[in-house]
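Encoded as structure tokens, the structure appears first; notes follow it.
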Amino acid sequence: MTVTLFIPCFVDLCYPQVGVSMVRILEKLGHKVVCPDEPACCGQPAFNTGYWDESRAVAEKVLDQLKDAEVVAIASGSCGAMMKVFYPELFAGSKHEAAAKALAPKCYEFSDFLVSKLGVTDLGARFPHKVTFHDGCHGLRELHIKDAPRRLMAQVRDLELVEMKETVCCGFGGTFSAKFPAISTAMGDVKISLAEETHAEYIVSNDSSCLMHIQGLLDRQRKPIKTIHLAEILVQS
Amino acid sequence: MVEATEMKAANHDTNSPAGEQRASERANILARVREALSVAAPADHGEAAAASSIPAVLPAVGATFEDHVALFQKNAVELRAEFKVVNDASDLVAELKRLAAEAGWRQVATHRGELTDAVCPALGLPTVTAKSGADKRELERCDAGITECDALVAQTGSVVVTSRSAGGRALSVLPPHHVVLARREALVAGLPDAFALLRVRYAANYPSMISFITGPSRTGDIERILVLGAHGPKRLTVLLLATPP
Amino acid sequence: MSAPAVQFHHDADRLATDLRHRELVHTALSKYEVKRDEMKARFQDWQGARALAAATKRKAISQLDRHLEQLARGLEARGTKVHWASNGRQACAIIVGIIKARNARLVVKSKAMTAEEIHLNEALEHAGFEVVETDLGEFIVQLRGEAPYHIVFPAMHLVRGEIRDTFATKLHDAPSDNPEELTMVARRVLRQKYVEADVGITGANFAVAETGMVSVTENEGNARLTAALPKTMITLLGIEKIVPRLEDLALFLPMLATVGAGQLISGYNTMYGGPRQPGEADGPEEFHVVLLDNNRTALLADAEQREALHCIRCGACLNVCPIFRNVGGHTYGTTYPGPIGGVITPHLRGLQDWKHLSYASSLCGACTEACPVKIDLHHHLLQNRRNSAAAKPSWWQKTAFKFFVPVANRRGLWKLVTRGGRLGQRLHPLIKGSRLDPAYCWTKTRELPPVAKQTFKEWWRQRK
């Protein structure tokens, strides 16, 4: 299968290792990986702030980049939700409506892609650490992905998963984190407390945007717990 | 903008007689509703297609009378209500006398009814009968209110009373102890059965009040800590008569 | 920023860092969560119940005109006077008029968010009547001169010591800070009020079109007493409270209690269809029902968000909302806080003044998942954002997003951003976390992620 990667702007800039891990995993599984050369933002910041015209202007480019893709694997549940759930709404009634509707079913968040589309759970990875998992809200509630990352982690040798007591937002929320920094920070602190209660070494997620927020707080508070994207674990042996 | 509309409406009110205003506001509201509804809402989230029936989604209730007694009992314990099945009218009197002695009732309140008439006089206590013109202060001073009911709901442990079947509105809520006398056939499985029963009994002319009472009066308004008897009865006793009187 | 937005930001900043408040809310709600989940599990099919409830409310609202007429006819047939109020002022005027005509002085009132919405207590006090809230939580916040903190748990923000102090100051009766003893103080005080009151006012949770009844849910028995003892009873309700059939309550009553308070069903669920009827022992001589619009028809006219009128005011969305849990109920400055408040307040009180509530969400969707009538709450917040930006765009945000388009779309410009980011990162420590920092809103509490030495796309091109 030819898999088109969608590497969101912030992953490209700050978390290239997530994309690299995805490429390595997919190639190891014998798939052909392609990725548009051009940069790409899904348009979610403008969309979530209410500026849909501006969002469409960015998103049109994505539609164009991915129009010939067979399937699209996405490095973030949040961008995945944008493309799969919100593009059809964003482009409803526009000349791109058909393209948006055609793209949506081809889009998969990466862990969901491995489990649901490829039927793979064991990648032969080993990660000898105690971890906890953070469900990014968009992946969890827009894309309904809960089991896929856990099934993948269950097959990782020597990985111990300890769940947090509550499933709660990390407080990032895109522009929300800048518009309401105090609330966003409080939510992040709650999240970190829940993670600390598990005594995990790592907070794992399938969404780099949540991890950016959590890691930003951890760094400032000089806390030892670390964040890591699921793809980076699955590539280790 | 909202303010301005309100101002205009308020000015309009003072210039028109109350009746006219009522009629015109009714027409205004209904006109706005119709205007709004002229645009159809977007499709639902698939729930109309998915929807089953109310009994199929509510908690399970069991099939037999014994199942329903057991379920009502379980709910009553959880709600801190008291529930007892008694065999016949004389057992019912004995149970009431036991309650009266134990709690030291000096005066009780009740209403005219087949069951209440059959057992309350045997208590031998001063009795206030809820009827038109009865003094609410007198009722307030009673130690217990003894009423009949329309239904007991096993599913939720609820007692269904109405202003017609249970001596009006205050009797079942003003005295500190509410004692409910129920016939065997009053015990129904679930809430839908209770509403169906009410429909059969009253559809031609519903009483002015129908109340589903579930457990004694309660509050959790202080630190979410359960306290019984916030305003209404601190105790609720349900006595189910297994055979007709 | 609008005045309500300034107040929201101010209070949110304060409460979000108040660890005592956070703990208080957490403790109160964690007890509720356990019971809520236990009760949900008792349903044979909770998701089926949600679907059925949503479909029923959709039917109720899609024929609201017919249902309202049917409701009024049924009520009037039993001698109830039905009043129609387009806004809060009219509703207050109607209620004041009824009380004045009876030469009444003392009014007992059971909990009604609709009354909070129209500031009924102020109107009644202004007209010279004594108004006593009888729900314990409402009674406590009334004594303190506060608004309810939560639509179901009005005094959730207070601990027993604070309530004891309030009783000591206002009632001169506070034997201890034991919740039971404090509750009994309120019971004693309020019992006298019920007996003396001339008028009782209640809200309503549902109105049954078919049989012409209002349905009142409570746990304490205070609404029962309010509806039983005074000679005149008045019920104020929003026009959206409609359910089509009496049997629909068999579904809604347990659902409301389950997600609202973690109970399978509330202590008292009472349907009122009229004043005392011939042959009934007691009850009010007069029953007035006031149907309130107050911009509900404006929300109805927004077909996209019409389903927000399905809300049964259970508070489930507040309880799961991480924003509500961190800023508390008063911060919103609205009658209806939390996610549902963020959706409907812009419709009820003006989009531009209240749009900040629609932005004050991480869009996590916990509210939508919790809603028993399946209102798509977090997506409606997005729609409010879209509508407010379309009606009145902020120039700087529009510019920022306009600038972002070519940057995100062109390799050359993106490269510049990458390089700029790497350079900026080296200089950033000089101003980081200070007011000069352009990223201050982030860096005040958080570190920025470093820009990678090699971006993914750089790696990808090199590899090819």
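Order as written gives the chain letters A, B and C; numbering starts at 1 within each chain.
Keep this in mind: contacts are C-beta pairs under 8 Å (C-beta built on N, C-alpha and C of every residue); 3 or more make two chains touch, one makes a residue touch a chain.
Computed from a prediction, not measured in an experiment: that's the story for all the values here.
Chain contacts in this assembly form an open path, with each chain touching only its neighbours along a single line.
With chains reduced to the mean position of their C-alpha atoms, the one farthest from chain C is A.
Counting C-beta pairs in contact, the chain pair with the largest number is B-C.
Central chain assignment: C. Criterion: smallest distance from chain C-alpha mean to the mean of all protein C-alpha atoms. Centre-to-centre separation of chain A and chain C, using mean CA positions: 33 Å.
Chain centres here are Cα averages; for chain B and chain C they lie 26 Å apart.
A separation of 52 Å divides the Cα centre of chain A from that of chain B.
Across the complex, chain A meets chain C through its residues 7, 9-20, 23, 35, 37-41, 45-52, 54-55, 57-58, 61, 137-138, 140-142, 168-169, 171-174, 176-188, 190, 212-213, 215-217, 219-220. For chain C in complex with chain A, the touching residues are 9, 12-13, 16-17, 22, 322-323, 325-327, 359-366, 368-369, 382, 385-390, 393, 397-398, 401-402, 404-405, 408-411, 414, 417-418, 421, 441-442, 444-452, 454-461.
The touching residues of chain B, when paired with chain C in their complex, are 1-2, 5-6, 9-10, 13, 18, 21-22, 25-26, 28-30, 32-37, 39-42, 44-48, 50-54, 56-60, 75, 111, 130-132, 134, 136-137, 140, 156, 158, 163-164, 167-174, 190-192, 194-196, 198-199, 206-225, 227, 229-233. Of all residues in chain C, those touching chain B in their complex are 28, 31-32, 42-46, 48-52, 54-55, 58, 62-65, 68-69, 72, 78, 83-90, 93, 97, 134-137, 140, 153-156, 158-160, 163, 179-180, 182-184, 186-187, 190-191, 195, 211, 213, 219-222, 224-225, 227-229, 239, 246-251, 253-254, 261, 264-277, 279-283, 287, 291, 293, 295, 297, 300-301, 303-304, 306-307, 349-350, 374, 376.
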